[in-house]
Structures are given as C-alpha cells and as structure tokens.
Amino acid sequence: MARELEVLAEGQGEYHRVDPDGFREWVRDHKQRAMVPKLMSAKEAVERFVQDGDYIVYECNYIQRGPAALIREIIRQGKKDLWVGAKFTWVDVALLVEAGCASKLDVGFFLFGPVVDRAVKEGRVKIYEYSNVVMTNRIKAGAMGLPFIPVRSFGGTDGFKYSGAKLIKDPYTGQPITIVPALNPDVALIHVHQADIYGNARVFGTGISDVESALASRKVIISTEEIVDTEEIRNNPGITAIPYYCVDAVVHLPFGAYPGEMAGRYASDVEHVVEVVGATMRGFVRQYLDKWVYSAQDHFEMLDKLVGWRKLQEMVQRATIKEGYLP
Amino acid sequence: MARELEVLAEGQGEYHRVDPDGFREWVRDHKQRAMVPKLMSAKEAVERFVQDGDYIVYECNYIQRGPAALIREIIRQGKKDLWVGAKFTWVDVALLVEAGCASKLDVGFFLFGPVVDRAVKEGRVKIYEYSNVVMTNRIKAGAMGLPFIPVRSFGGTDGFKYSGAKLIKDPYTGQPITIVPALNPDVALIHVHQADIYGNARVFGTGISDVESALASRKVIISTEEIVDTEEIRNNPGITAIPYYCVDAVVHLPFGAYPGEMAGRYASDVEHVVEVVGATMRGFVRQYLDKWVYSAQDHFEMLDKLVGWRKLQEMVQRATIKEGYLP
Amino acid sequence: MIQIHTAKGEKASYFNEREHQICLMARLIEDGKTYWVAGGGSPMASILLAKKLYAPNAVYVTEDGVLAPEPVLPFDPIMTMVSSRAGYRALQWGTMNSIGFHAQMGYMDYGILNTLQVDPYGNINSTLLGDYESGEFRRFGGPGGADSIASLCWRTILMTDHQKRKFVPRVDFISSPGFLDGSEGARERAGLPRGTGPYLVLTPWALFDYEDRYLRLIGISPFVTLEQVLAEMSFRPKMADQLLTLETPTEEELTLLRTEIDPRGQVTITGDIGRWIMRREDGSFGPADEVEARGGDPNLPRSW
Amino acid sequence: MIQIHTAKGEKASYFNEREHQICLMARLIEDGKTYWVAGGGSPMASILLAKKLYAPNAVYVTEDGVLAPEPVLPFDPIMTMVSSRAGYRALQWGTMNSIGFHAQMGYMDYGILNTLQVDPYGNINSTLLGDYESGEFRRFGGPGGADSIASLCWRTILMTDHQKRKFVPRVDFISSPGFLDGSEGARERAGLPRGTGPYLVLTPWALFDYEDRYLRLIGISPFVTLEQVLAEMSFRPKMADQLLTLETPTEEELTLLRTEIDPRGQVTITGDIGRWIMRREDGSFGPADEVEARGGDPNLPRSW
C-alpha cells in the first residue's frame, strides 16, 4: 500500500505542540471525574492553574462575558511567557504585554497599539498568523480529541506561511485542502452566568468558542456571576454548556466581566471601556494598569474602591434586555 | 515541496460521494436564504424531497422523537433504492427493506432479523460497515463543510476493510490515524418539538446527531409536534436547534414519533413497539406493514382508525417527566 | 490488582447466572470514575446497582450523550436509552457526537460492553457469525456504539456468557478492537489512542484480565469448577497464580435488582439468563429448577 | 449586471463621503440573500440601512454566530457584536465556529468587509503596512473574521477609502484571499471553495467589479471626476464600457443613518470620514466646511 499523499505547501510558524495522546493522559491523570467541589478564590485559581509559559485562551474580554477579573489577577500575579490564543480579543493583549505576561501570540484579531508594536519590534513578543475562525476551528479540533482538522479558508494567504497550516492533496476528492493543527491550550479562562461548585456551567447568549475551549484545555478556570445548586443544573440538563469534568476551578466573581457587559445582568461601563481603548491606542497602558489593576488587591477591592456600588447598580439597571438570558 | 504523506491502509467499501464543493453549490442553488413558508403535508414533502436512490438519514425512529410518520409515508409512496445511514436505528431498517425501499445500508446499528438477513443474502441489500459514532462523526464532518475528518476509533477493525475509511500517517504527529469520508446525505428526516413555518426548530432532550444531519443534508424535512410563531423563536434564540435556511419542508405532525416516545409530550405505545420488534425479529414485517402502514392513507387516518384518541390520551398522561422539555 | 467491593449482608439462596454476573460487575465498579455504558441490558443494570450499593460517585454516560442521570426506574419496557426516564436529572444532555468526542479526549475511564464473541486478545464481534467474504454467515446488528467505547475509553470491560462459541481463538469479525493481533503497539499502529484496551472480561462463571495482552483467568464462581470453565472455552486462557472465588449475590443486591432495576425481568429473566442456582445453608451450591416466579412479562422482548 | 436599488425621495444637501458610501452600499444589498458582516462600522451600518429601506428580507449574521437579529439601535458605544443589543431577537445564537461552518457549507451569499489595502486581484490586507520579513512595518490587528468571510462566502464585497495607499499593485500582506495571483483557478489550487471570490469594491468615490479576476471600474460618484478617481489609485483598473453615476444620499437615508443607526457618529463622524459635500439646487456638487453639528461624541472611539 503506502500510496503517496502529497503535502503541497507548509507554513513555517511554530505551533503549540500537537499531542492528542498526551492530552488524553493529562485528562486521565489530572481531571477529576468524581464530583468534587472546586470553589476557590481567583488568587488561588490563578496560582494553582496558570503557570509561566502556559498557552492561554479566553475571548471577548472587556467586551461581553469576558473573564476580565481573571485576566487582571494574572497580571497582578505577574505570570510570564504566556502564549495567547489571540482570537476575538481586544485590549487585553496590550494589557498582558505591557505587564510582561505574554511573549507569543496566535492572531486572530486584537486591538493593536504602540505597546504591542514596540514589543513585537523589540522581539519581546512573537506573532503567528491565523484568523479568528481558523483559531476557533483549531480549538474545536482540540475539543474533538483530534490532531488536525481541514479548513476551507486561510489557503493562499500570507498568514498561512507564518502558521502551522499545511496544504495537502485531499485523499477523497483529489483537490488541495488546508489542514491546521488542533489546539489544546494549557489554560482556558471562561466567565459564565451560572455554575455549580463542581463546574457544571451555563452560558446564555452567543459566544465565540467557550465550550470548545473548556473541553480542549488542560486546565480550566470558570468564573461565574452566580453559584447555583446542582439540583438546579439537573432540572434542565439541556442548557448545561460545560460539564464539570473538564473544569478545575470555580471562582465566584460577581461583575467578573467588568468593565464589559454581562448579557442579561449588567451593561458595560462605557467610560471605563473608552478609557482602556484610548490607553491601548495611545500607549498609556502602564497608567491604566497602575490605576485599575495594581492598585487593588483583588477584584472585590477594585469594585469597592474604584467602581463603587452606585456605578454597578446603574450598570445593572441599564441591562434591560432579558430575553434568552435567563434559564 | 510535495513531501510524501503515506496512506497506510484503505477500506474497500463504496461510500457516498464526497463533494463539499458540489454540496455548497447545491446550497446556493436550492436552499432558500429568504424566510419563505415551507409548511406542507407529509405526502407533498416526501413526494418533492425524497427521490429514488437518495441517501437518507434519521435516528431513534420508533424509540424517541423519531420521524416515524415520515418513514411510514416513504413506505407508502414506495420509494426505491434508498441508501440508509443506519446509525442508531432500530426496527425501521427492516420496514424499509421489506417494503422494497432500501438497497444500501451504512451500519451503525439496527435490529437485524430474517427480513434484512434474506435481503442481504439475496444481494438485494448491500451493507457497508461503520459504527454509530463513526457515522455521526461523518455527518458532523459533512455539517462542517469538510471532505473528511480524523477519528481515533475504528482502526484495526474488520469494519474498516468494508468502509470508506483510510489509515494515514498524521502529518503533525507522525503517528497513524484513521480518517473517514464526510457524509452529506441527500435527505434528512427530523422530528422536533417545535418549529415555525420557515423551519426554525427546537429540540428538547438528547439526540444522536439531529442538528448535524439537518445542516449536512441536501434536503431536510422537519416534522413537528407543534407550529410556533417566529416571534416565539426570537424570544429565545439560544434554544433554536436548527436554523430555517437548511430546512426544505415543515410538516405539522402531532404524534409524529408514534409509536415511539416524544419526551415531555407523550410516552411510547408499548404494545405497538413490542409488536413491531416481534415482527422484525420473527420476520413478520409484511403483516406489520399491511396492518399499520398500507391500511391508512396518511398519519392522521392511522391515528384515527388504528390508534384512537383514548390511547393517545393515555400516552400523553404517561409522559409525566417535563423537566428540561419545555422552552 | 483488581479491586472488588465487598458485598455485605446475607447471601441469597436462589439466583440465576445472569443475576450473579450483574452483581459481580456491580462490585467491580470503581467509585469516582466515568463509565460509558453500551446500550442497556446487563452493563446498565450493573452500573445502576453499583451506584446504589458500592460506588455512589461513579458517573455513567450513555451513547446518546446523557451525562450522569438520576434515571427514573424501571426504564420503559423497550428503551434504556434516549427516553425521558433514562435521561432524567442528568447533568448535561449532549449528543452521540458530543459524548464520542469527550471519550476521544480521554474523559471516559471505563467502557462496559456486551458481545457475541471474544478472542484471547479481547477483540469483539457483534457483527456476524460465519464468513464475511463468502456470505455464509448469520448477521447481527453491528457494533453500534461498542467500537467507539472499545477504542476510546481507557479500559474496556466485557460482559458475556460463558460458552464455547463465545470464547473463540479468533473472532469471525472484529467489530470493536481489542488488542488486535496481540502484538505490542498493535492498537497504536491502527491509529487508536495510546494506552487503551481491554481490561476485564466477566462471565457468570469467571473473571479474566489480560497479561501481555492475552486473556488470563483470575477468578471463578463457586458453583462451577475450573474444568467446567475451561471446557466452555475454545482456547486456553493464561492462568493467574491464585484464582479468586467470585462471591455470589446477596439478598440486598438481588432485591434491588429485582424490584427496582429490572422488575419486569427483561435483563434477568427474558432471554438467555443461564441456569438457576441454589445456595445451600452450608455454603455449597446446586441446581435449582424453576424458582419462585418473579413476575417478568414473557411478552416483553429482552432489553437492549 | 449589478443591481442597485433606486433611492426614493429628496436628495440630501449635505453629507460626508462616509455617509455617501454607506448609503450606496445599502442600495447594493440584494433582498432575500444572506450576508456575513465583518465587525461593525460601515458594513454593519449599510446592512441595517438596507433592511430598513431596500432589502427587508436580507439576512445578516455576525462573527459571533448571531443569525438574523432585530437589534436594538443604536448599538452600545463600543460593541456592535456580541452584546445583548446586537443579538436581540435573533433567530439563533450560535458561535464563531457554528457560523463559520455554515459559511463553509455555502450558506452565506455575501460577505461585507472593511480593509486597509486591496490590490487589483482583490486580495485584502489588514495585518500590516511594510515588509513582514524585515520587521520594517506598522502592524495592525489581523484578519479577525475577514479571512473566513473572504474565503467562504460566495461573493465578497469590500468597503474601503479611495486613497492611493489603499489601492496598491500588490498588498503588503495577504490577510484575506482575493483572486491571489489572478490566474484562473488560483483560489481552488489554494484549497478555497470553488466559485467564490471578490465581487465588488465600493469606495466613497467609485464602484468596482472584476473582469477576469482583475478590478474594473464600473461607476463613479458625481462629486468626483474620473481623473480624480484614477489619480488616487496606485494601479490602473480595467474600465467598464459605460460608467454608472453613483447617486448621492437621500434625506430619508441620512435621517435613518444619523438618528437611528449611528446617532453618536461613531461610524460617520469619528475617524476618517472623508470630505463633507454640498449638493446644490442645480444638482452640482461642491465642498462644504464644517456643516451643522450632528451631536457625535468626540470622546468615543470609532466603532469596530
């Protein structure tokens, strides 16, 4: 047999190691298949489950239902050399780069600006090129336990050259087709509406690839607006988005998406968002971090000291759209 | 470039044509992207959208939420040479074979018996070997617009030899991995709890691969217990299982899963199910068809003449579990 | 070393071989682990019994993607899967694809399967008896979900009857993979995940594990002899240095099985359930004919 | 032949070039077809305007998988996607993966994109200006969803400004594929779906389609000359035999745009919106300085 199957072209970008068997062994040896309580503080969750050098994914941070409080905790703890799956990201990449946390980016999309630009030019940050959908497809493949997945996009781009993609001759159609490496991140950070203490989680509304990220990642930190009883989860099994057995930590963080929106619960803090976008675009990220991240010991102190109940209450009142965001 | 990528082994089974570009063109030329009403009778839907020789998929028929009434209509209309994606099927394969409708089966699993056995031995029915999950993975690949997908099962089996699978050397890990051809069926038959007249459909409870089948198939017939207003769909976009633009026909068929269960709405007709299982196992399928299918002009006449209101009412009363099956 | 839960309480005086097998399997269920259970029947009855008595934190999933249900028992007469009683109060309802992917990622510790035939390497046949190529065969339904369970779970446990025609040197058709030709790395060379494979085979008469990927007898039931066990196999298994004695059911186990889990007897009365066994006061065993009726409905088909 | 909806009612006297472009794009939206709209900004404003005036049955989806919403306008100041106002009363909420797969299967007729640079073959650059290899470049955010939109929708429509630095013979980086090197079958050889590719490019000054996969000028705005149009391109496009005149906005269009769709001016006041144009009574055009304020908030960043 051993018929040939041509590889027509290959990208030259470094890519996160493809090792589905190794991932399986990680799951077997580290994920709790019994229901054990996983409630802990953001500090503990980030200390235990985010290591220097880890590949992290999250999405829509500072926009809607992003894990904003968890990202700020990562910055506070000064994690290093993170490789960020920068798909559907925004200002947070600049925050992580300014804080010295990130050194590699798989892009996607994010809000560029002087801080990241300088870091890239000085070689402190390396960029590998993908697109948002190619990145979520890679995570999807990771969440299927596969080593790679075909995609019908990305072929012919210059990004392809700086990626882990390959163009092969499809053994079924004989036509060229692009395949991309599956992505099994080290860490997924996911903010949800409701979770029980074991990690069974509910998400309402659209998302990018939260469920896939939860399944695909070696370590999963869920932050949640609300802790619900497992009995409540069992009353409606059809709306459980994330099953407990892929979750490592559950952190109860009301307003955990602040300053972003949490659909059905609170609107965004527009002023804050305008401030951080401005800081990113103009390069004043250090000032932003000093003011909003380093100045508070944790999320709750930040809300108390820098935001205040009145503002939070006002954000809640502006969240007038409820349809589809309640169980 | 043109590095070699070995094909280590290949199954010898015929498989439904892999043609993602052809499928795309079918979608472009035949699927309505505008919202147009698609309500019609089962007779019209089957006449218009099931052709002799079509590859059809459905699941859980005569068990729970199966498209039982649609399958009976196919039998009444005497469709020929259907190729059945027989994953998570049961008695229905014997019904289709006895009625002369089916000539090829991709297995999966179904309830064997003398009728299919005879047809296979006489060459009237050909069987290709897969497993339930490999079949639903094939449909998943079809619903992603891909030509093939890797799987970590099926390798080393004898089924592999009589399938469309291939064992290749994974260009990322260097390890052997099985790939299977995507499946884009000609027809999907899906019974749902609620749909609007455009085909936006809701399904409550588990399933096998209904959503994937709807997306992957060239022609999609939805039968539904209940027609709901599109306003109702828009009130909870998070629970829409199937979007209108992949649906070709919406058939309002209360008790359309009869004699199977419809979770949250009615229990199964146990006597009927025992009768049809017995007929399948003992080879009395012709008698079953005469009594239950050919004797009635349509689903409604069957319910009226052969089942009766009292029985239906009793089935409804036995459906006491509601949690998770209501919007 | 295999861990077997200790059954407490009075031993039952009358039971059949199927009941004995299910109670044994229940005692083999490891607490706090995930089980992908094929269809219904004996594997499902075993995990349900285990959760009630020995492994309350064992988690099972079904082929249709139901995660950790608290089912309403008994199941409907035909449907052990997909139905609302079977999926009641689950943690998550998924699909066959979603649960298949979870297993593909390594989330399922154990799979429990039934089978038609098994060989010394743990290969499983549920497709046909006879010769595929010549067309001289009796066909069955196919692997269903068994192929994926046997491929993707870390450890596969097989429940089958103890009959010569079931333990064969070479299965007529590999529907679901065991250790294939038995050579080291054969599964990996076939593309299957590393480190998976057959773990136990349990019949009403005997318990087997694998040594160097070859079936090894490690325990026998007290109502059969080693000679009987070996006589009803078409090949000779390896033998453990010491054979365990497989304890017979307790009254508590049987009561749960007969009144809550399978009151209609679709698993433990209908179909091929083996012999009825009597346990005498002195602990010896003998045949029992037609023991007290349990009210199974003879019109109902065997559960699947 | 390109179909352009006819705008009814009184022509507007004052508008800026961005407003003009958006109104034109709205008139190009085909009713009853599906549109995958990148980000927010001009493409989103165009489809919203079209649905109100010309193409009520056009269906749009967003990158985060929202199918056919009836959004609450105006959007939040920053968020045109993902937010609850943007996804309100959709037919289905999916994910980026699900909508990507729908597009991959051919369900999306059109994609509408913004870009930094475009070349004669419709290749799109949103990654950087300069030279990738040498590191001498100004970097931008990356393709985001644009690569998939340009690859998977049947027809790609590009909205960009009419500037020499945007229309270049060769883009500095192909972030999203056009016709690549322009040869027949180049997309298919790169693994992209058959029969897809660039369809239109619309600037505030001109409309282009493609002839044999090369950009062709087919229409110009009445307030610029052909010479101006060509002078602000770094290559010469093909020319249609007859050039359309692109109608300027109507009062009705602008009122909807300014009061309902973009009342804060984040698309049509903030950032690079081109010149303000005055339309005289006699139908001729001239420059207009600092027209009546529309109340845009200068502290808000441009919408994305």
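Odds and ends about this structure:
Note that the chains take the letters A, B, C and D in the order they are written out, and that residue 1 is the start of every chain.
Throughout what follows, contacts are C-beta pairs under 8 Å (C-beta built on N, C-alpha and C of every residue); 3 or more make two chains touch, one makes a residue touch a chain.
These numbers were taken from a predicted model, which means no experiment stands behind them.
With centres computed as the average of Cα coordinates, no chain lies farther from chain A than C. Centroids built from CA atoms put chain D at 61 Å from chain C. The distance from the centre of chain A to the centre of chain D, with each centre set as the mean of the Cα atoms, comes to 29 Å.
For this pair, chain A with chain B, the centres built from the Cα atoms lie 36 Å apart.
Chain B has residues 20-21, 145-146, 152, 175, 177, 205, 235, 237-238, 323-324 in contact with two or more other chains. Residues of chain D in contact with at least two other chains: 66, 87, 89, 93, 104, 152, 193.
Under the stated contact rule, the graph of chain-to-chain touches falls outside the line, ring, star and complete shapes. By the document's touch criterion, interfaces exist between A-B, A-C, A-D, B-C, B-D.
For chain A in complex with chain B, the touching residues are 1-10, 18-21, 145-150, 152, 164, 166, 168, 170-173, 175, 177, 179, 181-182, 204-205, 234-239, 323-324. Residue ranges on chain C touching chain B, taken from their complex, read 62-66, 72, 76-79, 81-85, 87-89, 93-97, 100, 104, 127, 132, 135, 138-148, 150-152, 173-177, 180, 186-193, 299-301. Residues 20-21, 23-28, 31-35, 143-146, 200, 215-216, 230, 233-235, 237-238, 240, 243-246 of chain A are the ones touching chain C in the complex.
Within the complex formed with chain A, the residues of chain C that make contact are 31-34, 57, 59, 66-67, 69-70, 87, 89-93, 101-102, 104-107, 109, 152, 154, 193-195.
Across the complex, chain B meets chain C through its residues 60, 63-65, 86-88, 107-112, 116-117, 120-121, 127, 129, 131-134, 136-137, 140, 151-159, 162, 167, 175-178, 205-212, 261, 263-264, 267-268, 270, 273-274, 277-278, 281, 319, 321, 323-325.
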